[in-house]
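Just below is one structure, and these are the notes that go with it.
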Amino acid sequence: EKTEFKLAWTIYVGWMPWDYGAASGIVDKWADKYGIKIDVVQVNDYVESINQFTAGQFDATVMTNMDALTIPAASGVDSTALIVGDFSNGNDGVVLKGDKSLKDIKGQNVNLVELSVSHYLLARGLESVGMTERDVTVVNTSDADLVAAFTTDDVTAVTTWNPLLSEITAMPKTSKVFDSSMIPGEIIDLLVVNTDTLKANPKLGKALTGAWYEIMATMSGSDAAAVKAKTFMAEASGTDLAGYEAQLASTKMFYKPADAVAFTNSDKLTATMAKVSEFSFEHGLLGEGAPDAGFIGIETPAGVFGDKGNIKLRFDPSYMAMAAKGAL
Amino acid sequence: MTRIINRQPNRYGRIVLGILPFIILLLFYLSASDARLAENPNDKLLPAFSSFAEAIERMAFEPSKRTGEYLLWQDTFASLQRLAMGVGISALIGLLIGIGNGMVPYMRSPLSPLVTALSLIPPMAILPILFIVFGLGEVSKVVLIVIGISPIIVRDLQLRTDALPNEQLLKAQTLGGNSWQIIVRVVLPQIMPRLIEAIRLTLGSAWLFLIAAEAIAATEGLGYRIFLVRRYLSMDVILPYVLWITALAFAMDWSLKRLSLLAFPWYHASKGGRDD
Amino acid sequence: MTDSIIEFNNVWKEYGDNVVLERLNLSVKAGEFVSIVGASGCGKTTFLNLLLGTEQATRGEILLDGQPLNPEPGIERGIVFQRYSVFPHLTALENCMLGDEFAGSLTSLLLGRLAGKAKAAARERAMGMLEKVGLANAANRYPSELSGGMQQRLAIAQALLKQPRILLLDEPFGALDPGIRKDMHGLIGELWQEQQLTVFMITHDLSEGFHLGSRLWVFDKLRHDPQAPERFGAQVTFDIPLHHEHSSAAQMDQLATLPGTPKAAVLAAS
Amino acid sequence: MTRIINRQPNRYGRIVLGILPFIILLLFYLSASDARLAENPNDKLLPAFSSFAEAIERMAFEPSKRTGEYLLWQDTFASLQRLAMGVGISALIGLLIGIGNGMVPYMRSPLSPLVTALSLIPPMAILPILFIVFGLGEVSKVVLIVIGISPIIVRDLQLRTDALPNEQLLKAQTLGGNSWQIIVRVVLPQIMPRLIEAIRLTLGSAWLFLIAAEAIAATEGLGYRIFLVRRYLSMDVILPYVLWITALAFAMDWSLKRLSLLAFPWYHASKGGRDD
Amino acid sequence: MTDSIIEFNNVWKEYGDNVVLERLNLSVKAGEFVSIVGASGCGKTTFLNLLLGTEQATRGEILLDGQPLNPEPGIERGIVFQRYSVFPHLTALENCMLGDEFAGSLTSLLLGRLAGKAKAAARERAMGMLEKVGLANAANRYPSELSGGMQQRLAIAQALLKQPRILLLDEPFGALDPGIRKDMHGLIGELWQEQQLTVFMITHDLSEGFHLGSRLWVFDKLRHDPQAPERFGAQVTFDIPLHHEHSSAAQMDQLATLPGTPKAAVLAAS
């Protein structure tokens, strides 16, 4: 029986708790409790970490709902969203130079990480003002270089996430014309586990969920322990406490498992995933063989979107529910 | 002949032996791919050959649904244009500064240490600075190539200029040549074949920088496509692209070699015909 | 002394502490053929470099036609080295035209090339000279396609086309096979007579020096310091006028017994 | 001396001229930085020198609050270790296959075309594949360096082995040497200094690959740090890191040159002392 | 014919369509010193390669002591080339010890090195030979620190230490100055007498060939096809026994008039 598991995380406000959890021993504590070992690995490059998950190198990896659909699920790897950690509530945004509104984006080059949630956000933003992607030119730009890119004259519009977003909006003469708070609950940060692995090893699900909500409890307070935890996370992501707090402010963290369960159980999640599927299909992300947006089935507590015979992405609130009941 | 260093395969044997490792690699891939696909038919890591064929068909011979362009050719054209500009500018810089440094002591004194220092800076580390100075457009991609390879070309051509027999330069002076005439008629033509060698040598790095730059900011190009489809692990696109780049690199190297043989027969004759 | 073309007045040449040449007082008349011999490393090439203008005397002065020598190589002094005296990227004809191409008007200044009539004239002159040295058939070949001897002929032709007052030769035949060497001797002898040149030729082959020269110089150190060989420089220890039909065996025997003469050279020539 | 190609600055002039461009660059930076900071005191693009000092102090001489380590040294150590392993393994491969290909025809026939093909593949393009095959640990970083530079070293050493005068190998055979003895006593020692040259030549690429790999998968290392702070445009950290890498690269190059001079005096003597 | 050490029976050597050597029927006795001359490119080196074993005869057979020749270079045949015959990374002493180091026991097979007593013995033998060729003082110098002549002495010493039955020399003194050449002639003559060697020496210098050899071979083509010069190969056109005290001038004059002799060579030697 498998007792050693690997979890990959990348630097992002909603995922920094895993680093703290590993460093403070919380993850080990819960792993010991269930008699397993969990290796928490930082991966610098977000896409690479998901690719590795898809290739089977990691058992659990942090990613957004859209990437969970388009990378592992689209590659035929049955994946389960074990923990719904947060959703972006202003953490992703569209920024223009000068005193502008979203309509002014027409005809501009927009620098962003193509095919990522930024791309999705832009599409949703354009939709809100009656435009489509054809009204702009998307320029694929590595996230690490977006900030530097924005300082140059030929870059006038970007779509990106934090901490890059706050670096960019901190520059003079910029306007944030659209952000994820205008589409709340559509960009969701998950911990995704390989479904087969989870089925065979429910202990892994229990240990991870238990650890996560212990970390949440620690950092959600306002005592010294919370400050210490958040300072740690701030430094690991290359900023300071104030910077990290600012990022947290635009993130709707589900500190309590019950909130996460409620969010997962709602109908809205199914509708969101339908929108995401639609977007992904249009951009060819569901694979060349996909005949329509419903090609890959997505199972949520409220129902299944798409092909029931080809379910590859599952939202499973049962472990979070156990945490809510204190049953872990 | 019994010593292993003296034993030569015949012509036929050489060809068979040369092809052998490629066949082994191919078989190895096929069996690994089959094994993975048997387990998960949607696996994208080691696609079957039919998937490659489809991907090539799609990228090269069908217009893209989104833009109506033939992606492979569009990417190839964009990348080759950048590469040609980057390498061309580097060659020009290499010629000017390399020959200048080699011939004019008053130019060499200030420039040679600078070029040495520049050649040591890893270009990838200063990418952000490049973007800030040159923007995200075509310029920065070309500049990355230039920064990456021109110090090498400069240093190489400087050495080659130094290595020209001093006798020739003295002789040219006794024939009444002034500095400029000697550079134009005696040095430059002799450095040209060496320039081609230097370009052949640095072409690999040039590709590297091109791909790195395209991975960071682009809307088309071979490197752009590879790093874009990496997002959904489309090995069926990545591998043909890698092979295509390799083929392009080979074709360029070969053409440069041919060009040199045609244009500078005297150079290859005096080298005694040993070319790799 | 006024009819001498070259005059050395108390010339010294030192590299740092290393005295290579000392107290040279020499005078050469126009039309003389000076053969120079001496042990390896004694300073023969250095002497030629002084004449060529690539090295400057540390002390003393060198006069050409009574004027201080132009301290830079120029067209009044032609040179042929043992190797590398022709341009490998030019055909024999182009090699010979180069001197004229440097001396033309505008295009020549800008590109080092001639055009039109001037070019045709240069080509004609070059062909004439190639014929003279027996390379007319090889006019369109590159040096790498010529044998060693042909390359040296070409180098001489190229140098003579600028009609230098002085021709400097640094072991011009040192890399040639003995047979080819003989042919070259004939050629250089003829050209010397014909063009009224003043020639300085360094050679390791004493018989060659005797054969060709109208005057033979032996470079050697008169003073020796075994502890510090670089303390004293070489001088011209023997200055022998040679009367053709050639120097007598007696002359050579006498030379061999003198302390300053390199033994090997005499043996080789005997 | 009037021709510009004949005019030489004296020793003093050479030093002054050599330093000049660096001083100009420095002054240029200072004025640009001042101008930007005057406009926006929070500007991160061209930090003042005081910011550099602070950043260096923070990275090199204060323990990190998070891990208690001195980051600069930790990064340096991690990167150097990877570099040493990558270069070391490449050197070994280069020696084995380079000498083998150069000496044993039956080895050269199958391997030489393969090495040529491999050397044409741009390693950056196959990065995704590498990570999948070798994982995200130390191995994949070392492997990227090895894949990037070992074909170059192999080809170089193969050429150098080929270029050994055949006379030497015949002589060794008439002295009774068998294939192995000839390789060990005649070929290997003569290839060693050339190996050092090959390493010096490829060290720049090795750094490049290291930085590229660390940017994607690492938790420490010089490339990782630059990549990490790039998101915040922390030029006050990036620039000192770039200079530090440049200094390290220079120190390595210099040490290798020294080592070669000390260990292989016969090699440098017969080259006639012209080393760059 | 049974006392001959080397025998060529109707040996041909062709490279594709190019016939280099044809119909060689030669026999050489132990202790002979064969000087080989001939025009450039006529196949002298090819002949030596056949003897060395690096090239195989296209037709015919070559016998050493009546047995077919080992078709690979081995210790029974020593060789000295014009250049590159010593190992630049080994000192003179190490160069001389190498042959013994290849022939030892286990460490020798594994590392090509000797240890302990065997090493000391090898060193002693090497020093003895170095002394004989006058290089004792230079034992610890690298070849790049030796002059051209000293390098060739070293190459000869190295070859002789393996006590080869046959010594092959391909223009061994071609790159040396005339004086140094004379010294080398003395040395090789002595060693030949002393070690009872059979020597084959290629030279471009006819006088050298006469001077040293006990037998002189001239390689040339007997048959010529001006349209296709590669159709016929060279043979030994003259096989002249030389009786020391040296060959008479008459012998040489006779040679010069014969059609097969390269003129240049005769001129150079005269």
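Here are some notes:
Going in written order, the chains are labelled A, B, C, D and E, and every chain counts its residues from 1.
Keep this in mind: a contact is a pair of C-beta atoms (placed from the backbone, for glycine too) under 8 Å apart; a residue touches a chain by one contact, two chains touch by 3 or more.
Heads up on the chains, UniProt names are B, D = ABC transporter permease subunit; C, E = ABC transporter ATP-binding protein.
No experiment lies behind these values; they were computed from the predicted model shown.
The chains that touch both chain A and chain E are B, D. No other pair of chains has as many C-beta pairs in contact as B-D. With centres set at the average Cα position, the gap from chain A to chain D is 38 Å. A separation of 47 Å divides the Cα centre of chain B from that of chain C. Taking the mean of the C-alpha atoms as each chain's centre, chain A and chain C sit 83 Å apart. Multi-chain contact residues, meaning those touching two or more other chains, occur in chain D at positions 3, 45, 128, 132, 173, 178, 182, 215, 230, 233. In chain E, the residues that reach two or more other chains under the touch definition are 72.
Multi-chain contact residues, meaning those touching two or more other chains, occur in chain A at positions 51, 55, 145, 148, 151.
Looking at the complex, you find that chain A touches chain B at residues 47, 51, 54-55, 70-71, 74-77, 111, 114-116, 137-142, 145, 148-149, 151-155, 283-285, 287-288. Those residues of chain B lying in contact with chain A across their complex are 40-45, 54-55, 58, 65-66, 127-129, 131-132, 134-137, 215-219, 224, 227-228, 230-233. The touching residues of chain E, when paired with chain D in their complex, are 52, 54, 72-75, 77-79, 81, 83-89, 98-99, 101-103, 108-109, 111-113, 142-145, 155, 158-159, 162, 164.
On the side of chain D, the complex with chain E involves touching residues 165, 167-168, 170-178, 180-182, 184-186, 189-190, 264-267, 269-270. Per the touch definition, chain D reaches chain B in the complex via residues 3-5, 7-9, 13-14, 17-22, 45, 103-106, 109-114, 117, 119-126, 128-129, 132, 152, 155, 159, 169, 173, 178-179, 182-183, 204-205, 207-208, 211-212, 215, 223, 226, 230, 233, 235, 238, 241-242, 245-246, 249-250, 253, 274, 276.
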